[in-house]
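Report on one structure; see the data block that follows.
Lettered A, B, C, D and E in written order, each chain numbered from 1.
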Amino acid sequence: MRRVGVFVCHCGSNIAGTVDVERVAKEACKFPNVVFATDYKYMCSEPGQQVIKDAIKEHNLDRVVVASCSPRMHEPTFRRCLESAGMNPYLFEMANIREHCSWVHPDKEKGTVKAIDLVRKAAAKVVKDEPLQKSSIGITKRALVIGGGIAGIQVALDIADAGFPVTIVEKEPTIGGRMAQIDKTFPTLDCSACILTPKMVDASQHPNIEILSYSEVEKVEGYVGNFNITIRKKARSVDMSKCTGCGTCWEKCPTKVDSEFDMGLGKRKAIYTPFPQAVPNKPVIDRIHCTKFKNGKCGICQKFCPTGAVDFEQQDELITEKYGAIVVSTGFNQFDHSVYGEYGYGKYPDVITGLHFERLINASGPTMGKIKRPSDHKIPETVVFVKCVGSRDEAKGKSYCSRTCCMYTAKHATLVHEKIPGSKSYIFYMDVRTPGKGYEEFYKRTAEEYEAQYIRGRVSKIYQKGDKLMVRGEDSLIGRPVEIEADMVVLANAMVAREDAGDLARTLGISYDKDNFFTEAHPKLRPVETHTAGVFLAGACQGPKDIPDSVAQAGAAASKAIGLLSKTQMESDAIVSNVDESRCSGCMICKGICPYKAIDAKIITERIGGKMAERQVAEVNKSLCQGCGACTVACRAGCLNLLGFTNEQILAEVEAVCL
Amino acid sequence: MKTVVKSKISALLDEIAKEFNLLVPTAGDGASKFAPYTSGGQVSLDGRTLLPPKDVFFPQTEKMYKFSTDGMAGSLETLLEAPKHQMLFGVRPCDVKSIHELDHVFLTKGFVDEFYQSKRDRTFLVSIGCNGPAEPTCFCQSMGVNPQESDAVDVHLFDLGSEYGAVAKSENGEAFLQKYASFFNEAEVQLPAISEFALKPDVEGITEKLQQMFDHPLWEEVSRKCLGCGACTYLCPTCHCFDISGRVAGNQGFKFRCWDSCMFSEYTRMAGGHNPRPSKKERVRNRFLHKLQYFPERYGDLLCTGCGRCLSKCPVNMDITNIIKQIREVELA
Amino acid sequence: MTQVLRAENPVSPLVPVVGKIIKIVAEKIDVKTFHVSTPEGEKPFTPAPGQLGMLSILNVGEGMFSITTQGPNHLEFSIKKTGVLTDALHEAEVGQTVAVRGPYGNGFPLDFCKGKDILFIGGGIGLAPVRSLINYAVENRGAFGNLQVIYGSRSPADLVFKEDILENWPKVPGMKVDLTVDRGDDEWKGNVGFVPAFIEQLAPSPDGDKVCVLCGPPIMIKFCLQSLAKLGFKDENIITTLEMRMKCGVGKCGRCNIGSCFVCLDGPVFTLAQLQKMPPEY
Amino acid sequence: MITEKIRAAAKELLEKGEVETVIGWERGTFWYNSTPVFISKPEQADRLVFDDFCANNLAKYLLDYRNADGKIAVFVKGCDARAITRLIQDNQVKREKVYLIGIPCTGMKEAPKTVSSQDVAGLPLLAKCQSCATPNPVIYDILLGDPVPQKEVGNRFAGVEALEAKGADEKYEHWGKLFSECIRCYACRNVCPACNCRECAFDANGLNWLGKQNNLQENQMFNMTRAMHVAGRCIECGECERVCPMGLPLMDINRKIIKDLNELFGSYDAGLNLEDRPPLGQYKLDDPEKFM
Amino acid sequence: MSLNTEALPKSQEVTASPEAAPQPWEPRIVGFACNWCTYAGADLAGLSRLQYPPSIRLIRVPCSGRVNPQFVIRAFQRGADGVLVAGCHPGDCHYSTGNYFTRRRFLLMQRLLEYMGMDPRRFQARWISGSEGPKFQQTVTQMTEDIKALGPNRKMRDVE
């Protein structure tokens, strides 16, 4: 008979508060096969784990049940504890009597009864557990970075410096991401391009880094250490090997189009590079607006190109590569505040967003750094800044705070003061949040030295009056409505996830939250990992954050990836499917079910009725199988069993719970 | 001979039901079987029931003992309660013989099965004779059964057309006829002639012949069409193979015995996987040899009373009379 | 020819009585001998040599095992780890409650063997059923002629009942014990080789109507029979035991039949002559 | 006429040695019993017969010939042919190892009550043939006789709909009574071409999906599990209902599953063409999720 | 199999919960929760201290695709009053396609259970993601109320 030990945790008062842990331990002794049961204040603590190790030796236990918190939290912890006590870590089950019991059932009596049931369930399952071994698989020592913003570049550089080849896949024609659009960076006001472009150049020149710009990830197959990733290299219509980036083509190109990079404030040609310091500095033809593609005429760029690099016949190219780790750093979008009809965006050209303002003050921007009103290019005297547009607003926008608006609005006010002498800035705010190093001091200087007028209140309406914009709001500190005549209004829009974030998450098989930001494995303990092994996160794609945090996360994600790639062999999980070949009839219905293509047919020969005969049976590739178990239900005869969650174990749990 | 008019039978049954736990052949919806009598209920005294009376004494599932475990300790308690006195009314001679053969198995050879015995000793048997094949598939006459009369009962009723002729076959039978004499009147009777049977297999000397036919290719041919289901064995009044298994729920549990069929594939499979009868050929051969050779060798009777149930319900019309004919036609070297 | 010993049975032969494991002897890694007695400390029943008992752990299952020997108030079962029940038994400890019923089977033909020389041949765990007869012969030494035990196993570590085969039995007057192993190791002094070859090497003479009791894996029995035939042993004098799946143990559930006889009731002990007359289906 | 064609075809195949064995029907105990027969010599071909009582579906016997060296010929009616298609899809039969002789079928008859009445015409069609949707074989090597016109089959789900309309307790009462009649002889499973596992989950002694007792709960578990296992595989050949000794209306269960499969995942009939895959073996992104 | 059928279990629903019992009857619901979403959602409900009746017992499975319809029948057999199968929203499955099969299997299974006479409220399948703690709480609360109204389950239950 098995010798099971049950260990009930108090978790301080988290469990002991609403579950009578002593009674649970006492009842556990009566369960079949349980030979030892005790309770302790903190099972997961060092002394707690020692209690388990001692009990294993003293009562020579061969199976352990811990009744404490969620296995998603401490299952690995207790498995390691068992391993150090010389026991197979898979002869272990947890009963979740905290999240699923003590924290949600105030009635102590009923909570205790439920806890006892959960422990009986775990004990019934552990009796059926068999020792399992992890199998090891090889690792492709190569990383893929999706998104070439500052976070992506930093990750690529760190991994490349560690000696592993990295590929950056960037949707836009150039890397640089959002940061390239920004003029100055708070709090030190050093110029964004000055700190970004060297990194971009480092990335382009680093021997270990390959940049695939104007490309997207099409399909991701395989699993940690062995991802097969199909990348679509969109047709640039320019032959990268021949093009020298001389710029003749985009000078001669007759077609002018609104530049997305300049947020529509400036123009670009049909054949263009988004901004001068683009890396790779090779143009792309915008096939939607280029007359050659629209009606077959023109083709001037091809004529004037000295190296004949322009090639209209170029098609999308699909390449499939093997990678060991993936880091997602696809950045963020600005909140589309058209829902706030009252702010008049779209009706009044002089009501612009933060990024528009960044393009205006940028030296390589459409106005060569001079702040001019988009409507009549006059220099504005009075500029009003409106914060929390779309943030902290569950009704119309996003419930969260976008963390960066307070700081970049203060920066904008500082720059308005510097660039337009005698100008006046007003800032409508709810709160001013300055969580970073030197942030509060920077905000103080803006308010005091640069006389930026902070008004605590929300803006209710903006309307045009003559060539002025009337900004009506309320100053909640003095409790009076306020109306300001402004020449220009800058809205600090919320940071939201990319619109295709959901599709990318599905392609990668990672989960995402209600705002489409990618979900980290654990908010506090594993912020840069996802639940899908081998896929890591960096930057704003995981949640709103500023450049310092993004770069810090980039370093963390890179170290995780390096940690994975530095191993020669990787242990694949022991929870995999297993075929009982003597009973398998080879119908292969399981093969069509497996999402990882881990099941295939194999021919075995055996002696039937005196002569050797061949027969087809299913075979599970233990390294591909991720242990989802969908195949076990499709197999009618029950020859496919998922080790760790076998049919017998789950049936035992069902019976124990219904006792 | 004492006779009773058929129309008074239901009244007689009402009386009996007061004293006995009365079981009668019913043909309500679903298959015809022996079921507790409900006055005015569906009683069908012509033809034989599809389900044999064997499960009156040897139920398909029967709890033997319950047990409880507590860590290493444990206790068990037999679940043997003798049923109230019961009467099995309207059994056909072929079924009477089958009961007699089950007695061989469960009550002799050194061990007595109390579960069977406790029911068998408390059952008063009343049989009704047939004047010919009740179903087209009947062939009891050729298997040594007198369709009109059976002896190993308490009371036998001859079918005389509009009335029954009652003959006591045991003291209990005598007492029964005394007790219910009001229903009977004395009359001279003339047994009707037994009508012709369609199936007349000749079983003369078949046991001896089969002793040399274990490896004969006949079995390969015969067994090909069998599906290996258990219909024949579960409908057969004489088949008595059973399995012992248990059910555990936490610390409580019980052990039960239930019908099993030698035709099932895992019937003789041992723990290590070795199976002395791995394919249909061995299993079909074993079933017919058990009925026509092994049982006669051991107990003296053929283990087939010619009721024809297996013949009528076999999905592929496996016909024991045809197999007997084929065995007869085989010339041994 | 086989006289039948029956012990009375309080209730149905299918309902066991509660027993307890009072001692466990680890013979080798996958064989243990369990000493079983009733909670009151007596013998559940008195079997004859060669008889079987149905041993069970209540909430696990039931299995038929040969009773290798018996003491004044306990029975001994030697059990190899092969299935669900035997696994549970091998993990059980002293004091574990079991249920036991029996005795079943015909047991060895004592009258037939009395007064004759007996050659016991055992292979691996096959020695267990034979040991019940050997111990009976040792206790009633006078009733039997010369005794010889030829016992072989895969390796020295696989030898079971070491106490009997190395100390007790060699000291018994008129009793010879010859051991062999398929693969020796450095301490092993005895013979190395398969049992059938070892038999031919020892060449025991069949005269004096010597009886030979033979148990072991089917493959070993097949070759031993050939060797014994060469040495002139008559079929009626060669006795062996068979192993079949058994459920009721009293010849009623129909499962363990070979031809018309039931291994659990008419066996498990058969002479070679009987076996040759039975259909080859075991 | 058909019988002569059958005998001729079988004799020719065996004489030319094209096939090792021919599986067909022969006359059984009475004139209304036709029973499967396995012929391996040309002269035995005269035992073959095709009449109004050849209800057995011969497809499943091919499972016993998996390791046969030569080809096997088998006579297939409309329903049998669908069973062959399913067995090929389940990799239990290789198309090239089977020679299919198709027979257009006008439906098989119930057995008469008494032996003597020889009149066949008056006998009603078997329940399974009354609602037969594929009288002509969908797959064959040769076809004996020209295709039979497709019968107008009423709403095959009428029985199911009638049952669905009942209240929960009424339905439980209905099925509870029927399932307590089941004696678990497994004839329905052993005759069913969809149940082609090497060893049934219920027979594996280690895996106790099903208790051995015969009570209402275990019978419910058996019947419901079998319904889910043959979901998408049942070709409505009706053999399970025909062979059930207790006469349980098993097709009411299988037809309910087929009705639901068609309603939920698009019209699908098992065994009609080789490329289909059972609905439960695949999915569509826009599958309905009414109750999720 | 005529005589010894246990009395066919009374199939009418016990409406009022038996007052006599000292403890008010608490329905017993067996829940199969997929480890990546619903189990995490239940954890989140715990983290956020969302109270719900203690009638559910969750069995963790790697994916809702692992839940075999036969487990559901076994649960009802052994005395469950309600069964919940919950997993990730289609598209969120950690194993990408697991819950598509769950959806197909249990759409069919629920109709079969209903066809066999089981009250549909006793068997529920839900998509509950890792961030939907409140939805988990509402599902359990709602299901408990439904089943309290229905009373203990008599159908398909081992009559020991």
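Criterion: contacts are C-beta pairs under 8 Å (C-beta built on N, C-alpha and C of every residue); 3 or more make two chains touch, one makes a residue touch a chain.
These numbers come from a predicted model, not from an experiment.
A.B. asks: Determine, using the mean of C-alpha atoms as each chain's centre, which chain is farthest from subunit C.
C.D. replies: Farthest chain from subunit C, going by C-alpha centroids: A.
A.B. asks: Looking only at C-beta pairs that count as contacts, which pair of chains has more of them, A-D or A-E?
C.D. replies: So, comparing the two chain pairs, more contacts are at A-E.
A.B. asks: Measuring from the mean of all protein Cα atoms shown, which chain centre lies nearest?
C.D. replies: Central chain is E.
A.B. asks: Quick one: subunit B and subunit E, Cα centre-to-centre, how many Å?
C.D. replies: So the centre of subunit B lies 45 Å away from the centre of subunit E.
A.B. asks: How big is the gap, in whole Å, between where the Cα atoms of subunit A centre and where those of subunit C centre?
C.D. replies: 69
A.B. asks: So what's the Cα centroid distance for subunit D and subunit E, whole Å?
C.D. replies: 35
A.B. asks: Could you please state the distance in Å, as a whole number, between where the Cα atoms of subunit C are centred and where those of subunit D are centred?
C.D. replies: 51
A.B. asks: Spell out, as numbers or ranges, the residues of subunit B touching 2 or more other chains.
C.D. replies: In subunit B, residues 51, 60-61, 69, 72, 243, 249, 251, 260, 269 touch at least two other chains, as defined above.
A.B. asks: Which positions in subunit C touch two or more other chains at once?
C.D. replies: Within subunit C, the residues that touch at least two other chains are 59, 84, 92, 96.
A.B. asks: Hey, what residues on subunit A touch two or more of the other chains?
C.D. replies: If we look for residues of subunit A contacting two or more partner chains, we find 1, 32, 593, 609, 634, 647, 651, 655, 659.
A.B. asks: What part of subunit A is in contact with subunit B in the complex they form?
C.D. replies: Interface residues on the subunit A side: 1, 30-32, 35, 120, 582, 609, 655-656, 659.
A.B. asks: Write out the stretch or stretches of subunit B touching subunit D in their complex.
C.D. replies: Listed in rising order, the residues are 30-31, 50-51, 60-61, 136-137, 198-199, 221, 224-225, 227-231, 233-235, 243, 245, 247, 256, 258-261, 264-266, 269, 280, 311, 313, 315-319, 321-322.
A.B. asks: Residue numbers of subunit E touching subunit D in their complex, please.
C.D. replies: Touch list, subunit E to subunit D: 1, 5-6, 8-9, 11-13, 69-70, 73-74, 77, 90-91, 97, 100-101, 103-105, 107-112, 114-120, 124-127, 155-159.
A.B. asks: Spell out the part of subunit D that touches subunit A in their complex, as residue ranges.
C.D. replies: Against subunit A, subunit D makes touches at 66-67, 90-92, 196-201, 204, 206-209, 229, 277-278, 280-282.
A.B. asks: Would you pull the subunit B residues touching subunit A in the complex into a rising list?
C.D. replies: Touch list, subunit B to subunit A: 69-72, 249-251, 273, 279.
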